[in-house]
Every structure is written in C-alpha cells, then in structure tokens.
C-alpha cells in the first residue's frame, strides 16, 4: 500500500453518545495530506412533523447494519479519493438534543469530502437497516410510540448517485 | 431456515425471529411472503401490503423475486429510517 | 422574530487557530430544533501541486473580506432554511496540519445544511478577498514564496449556484 | 481617492496603498487601470494583463466597466485563492 492512498475507515454502531471532535482528531492526527474534512452530525430534534416528542427509539439489525454501511464506505472509497471515513450510528433511546449519527470524510480537496459525506448520508437514510420510533409526550403509561415513515424525498436523494 | 422480523413487521408478527421449514415449492422471497401470510392473523397483517415490506437474505437487501434456496437467514422489515 | 426562524450567524477573521468543536457547540447549545449540522474544515497540506511546502501565508483585504463573506451568509440564509451559520477564516502564516477555514451550517434537515456549506465554501474560494502564498522548503534565506494560482475548477464549482 | 493593492499586484506596484488624483476623463475602472499602467514600470508590470486583475470599489467586487465617480477606495488584486 502506497502512503499516498493510505485511508482510515472507522465504523461503529453503539448505544452510547459519541465525541465528534475526538473522531475528527483521530482521523486527521499526524497527517499532512488531508486538506478537507467534512463532518455531518444528525441530531434528535424535539419535534417530528410539528408534534413534540420526548425521545427517539432506534432499532437496528445487528450484523446487517455493519455490513451494509461497510459496503457503502467501500463504494465511497472506490468513487472518490478519500483519505479517511468515519461512520458512527447510535441505536436505542435518544433524547432531543442528543446526537444520532456521525459521518466524517477526509480528502485532499473539498469536492470529494462533501460528495462522499452526502452519498453516505443518503444511503444511511434509505439502505442501512435502522428504524426510528418516536415517543410522544405523556406520562409513563400514556407515552405513545409511533414508527416514523420513510420519506420519499430520501429515496429521491439516493437516486442521484446512480446516474452519475 | 431462520426468519427475522424488525420494527412494525416484528410487532405485527408478534416475534423477533423463528425457525421455519416451508414446503419445497416455496422458491422465492415473494413465495415465502405468501406462505407466511397464511400462517396466522399477525403474519397476514404484517404482510398485508407486500410491496411495502423489504427483505434481506443473509444480511443483504434482495428483491421479492430473489430465490431463497440456500439462505440461512431471511429478514423482513419496513422501509429503513436511519441516519 | 419568531422562535422557529431564529438563526445565529457568527463570522470571524483571525490570525489564531480556532476550535471547531467549540464553535459547533456554541451554535447548537440549548436548541432542539436543529437536526443536522455540517462542518467543513480546510486544512493546510504539506504539499502544493506535489511539491513539499513549509507553510502557507494568507493575505486578506480587511473590511472587504468580512463584508463579502457576510453578504454570502445572507444569501445562504435567504436560500435555505438555516438555523445557524459560522464562518471563521484565518490569515497570516499557517503550518501544514493547521486549520485554515471553518464553515458550520445547522438546519432542521440535512439537505439545507449540506447545500449551504458547499455554497459558502465555493464562494469563499472564489469571491472572498484572500490570497495564498506557499513557502517552499529551504533555510531562512532560501525560502521561496510563490502565490497560488486560482483554479478554474473553483470557478466552475461556483457557477452551479447561479442556475439553480 | 485611495487605491489599495493586494498580493502580487501589491508586490509589482511596490506599495500597499496610495492616494491618487486621476484626470477628470478617467471615468471607469478600466480607464483607471490604463492610466495607472502609465505611471511607472511597476504599474505596467502589475497590469500587464488587465483581464487577470480584479477590482473592488468601496469593498465590493466590480467589473472593469464600473464607473469610479464617487468612489472612496478602489482596490486591485489577483483572482482570490482563499478557503
């Protein structure tokens, strides 16, 4: 492996919160070939479709989630000159204001870093086996949980990577 | 063959996974969906709109016409909403 | 101003390094309406066009740089439903591995955050009055400084925002 | 009227800024560039390819046909390379 194409890929699914800054530092530390780092953080909002929520609950398919994300990290590497990629996706109960997902992409130049981060997010939304439930306000007994429906805008977003 | 269910498919079927032994003429994922739908009310409800339910064989997305021969694990779930 | 459209804009030009994580925290702290944060960090590489460099030296036009970036932050706000924007651009001598520029965009959804961050970076590259000089390796006397030439790919990148 | 020079335009002209008083028939930025080019070797070198040099009036980008009447500060510089 030549030094010029050295690429770090980190992929983790976890219940615990993550430290975005620490992950960026881990990806860039000791390297002077990275010129651009794009970080996407998905955060739990306090509302869903205009209604207040108390939490999100994320279910996932262990094993397949890692495999599916790993395949898309490989596809991103094949498509853009990346020097580093980190994907961390949480599962379990997540309160408003907490982070849900982190994608970090590093490259020599900004175009590849932006494109790969968007590509990975579009695929995470539509292809990674995670399902979100919202927990609506109310006391312990009254808390209604509802599965979030997939958005057709997410399907259109992922389509753009197929034609190019 | 192991079958796994996720999210509201799991809730409707009433279990997260099970081992099944479908008849020999069940060749594809859509054959299996039709067969499962006849195994009880929960299954019928879960698969009432088979076009909505997604499937995976051995942890890879597949279409309804994929052959199940040799599969170790087949999973059914709603459209994904991660990210 | 309604709470739903509350937007924080931070714009700084400085000689000192910045703390990307601290800036993201400042933008998102105490809010639960932000669902997506995109961070772009531009970093000084140890090479320019394949040749090793010891530093970049950034000159800027004080007053105009702030005004020009401010106008583009306003344009981004008008175009996308942003909840926060931070732009920090350093000037002066910057060593390989050090950060040069930071753009943070926050929105309810990822599309706006990604698009606004790319828009701002494309404009910073081509319209903000900054000029980069590279300092090539050598002893104090022998250090040659060369102005970096503008890239036509940056001009094409900025064009895409005009047609849409 | 104050004129400011940046990057290699500044280096070629040999100064960062100066106050000038061009003749009354100098109406546009390109008139001013032509007039400055006649003020010495450094100026001629800085503006040898006038299409490359960018200009701003009162801290806003302008084209070469912009009128300089009323301008407080005119700046000349190479294409920007920030970000």
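Worth a mention:
Read from first to last, the chains carry the letters A, B, C and D; within each, the first residue is number 1.
We take it that a contact is a pair of C-beta atoms (placed from the backbone, for glycine too) under 8 Å apart; a residue touches a chain by one contact, two chains touch by 3 or more.
Bear in mind the structure is a predicted one, so any value in this text is a computation, not a measurement.
Put simply, the C-alpha centre of chain B and that of chain D have 71 angstrom between them. One simple way to say how far apart two chains are is to compare their mean CA positions; for chain C and chain D this gives 26 Å. The distance from the centre of chain B to the centre of chain C, with each centre set as the mean of the Cα atoms, comes to 48 Å. Shown for chain D are the residues in touch with two or more other chains, namely 83. Multi-chain contact residues of chain A (touching two or more other chains) are listed as 42, 110, 121. Taken together, the touching pairs link the chains end to end in a line with two free ends.
Pairwise chain contacts in this structure: A-B, A-C, C-D.
Note for the complex: chain A touches chain C at residues 20-21, 24, 28, 31-47, 96-97, 108, 110-111, 113-114, 117-118, 121, 153, 157. Residues of chain B touching chain A in their complex: 4, 6-8, 56, 59-61, 75, 77-83.
Of all the residues in chain C, the ones that touch chain D in their complex are 42, 58-61, 63-65, 67-68, 89, 100-101, 121, 124-133, 147-150, 154.
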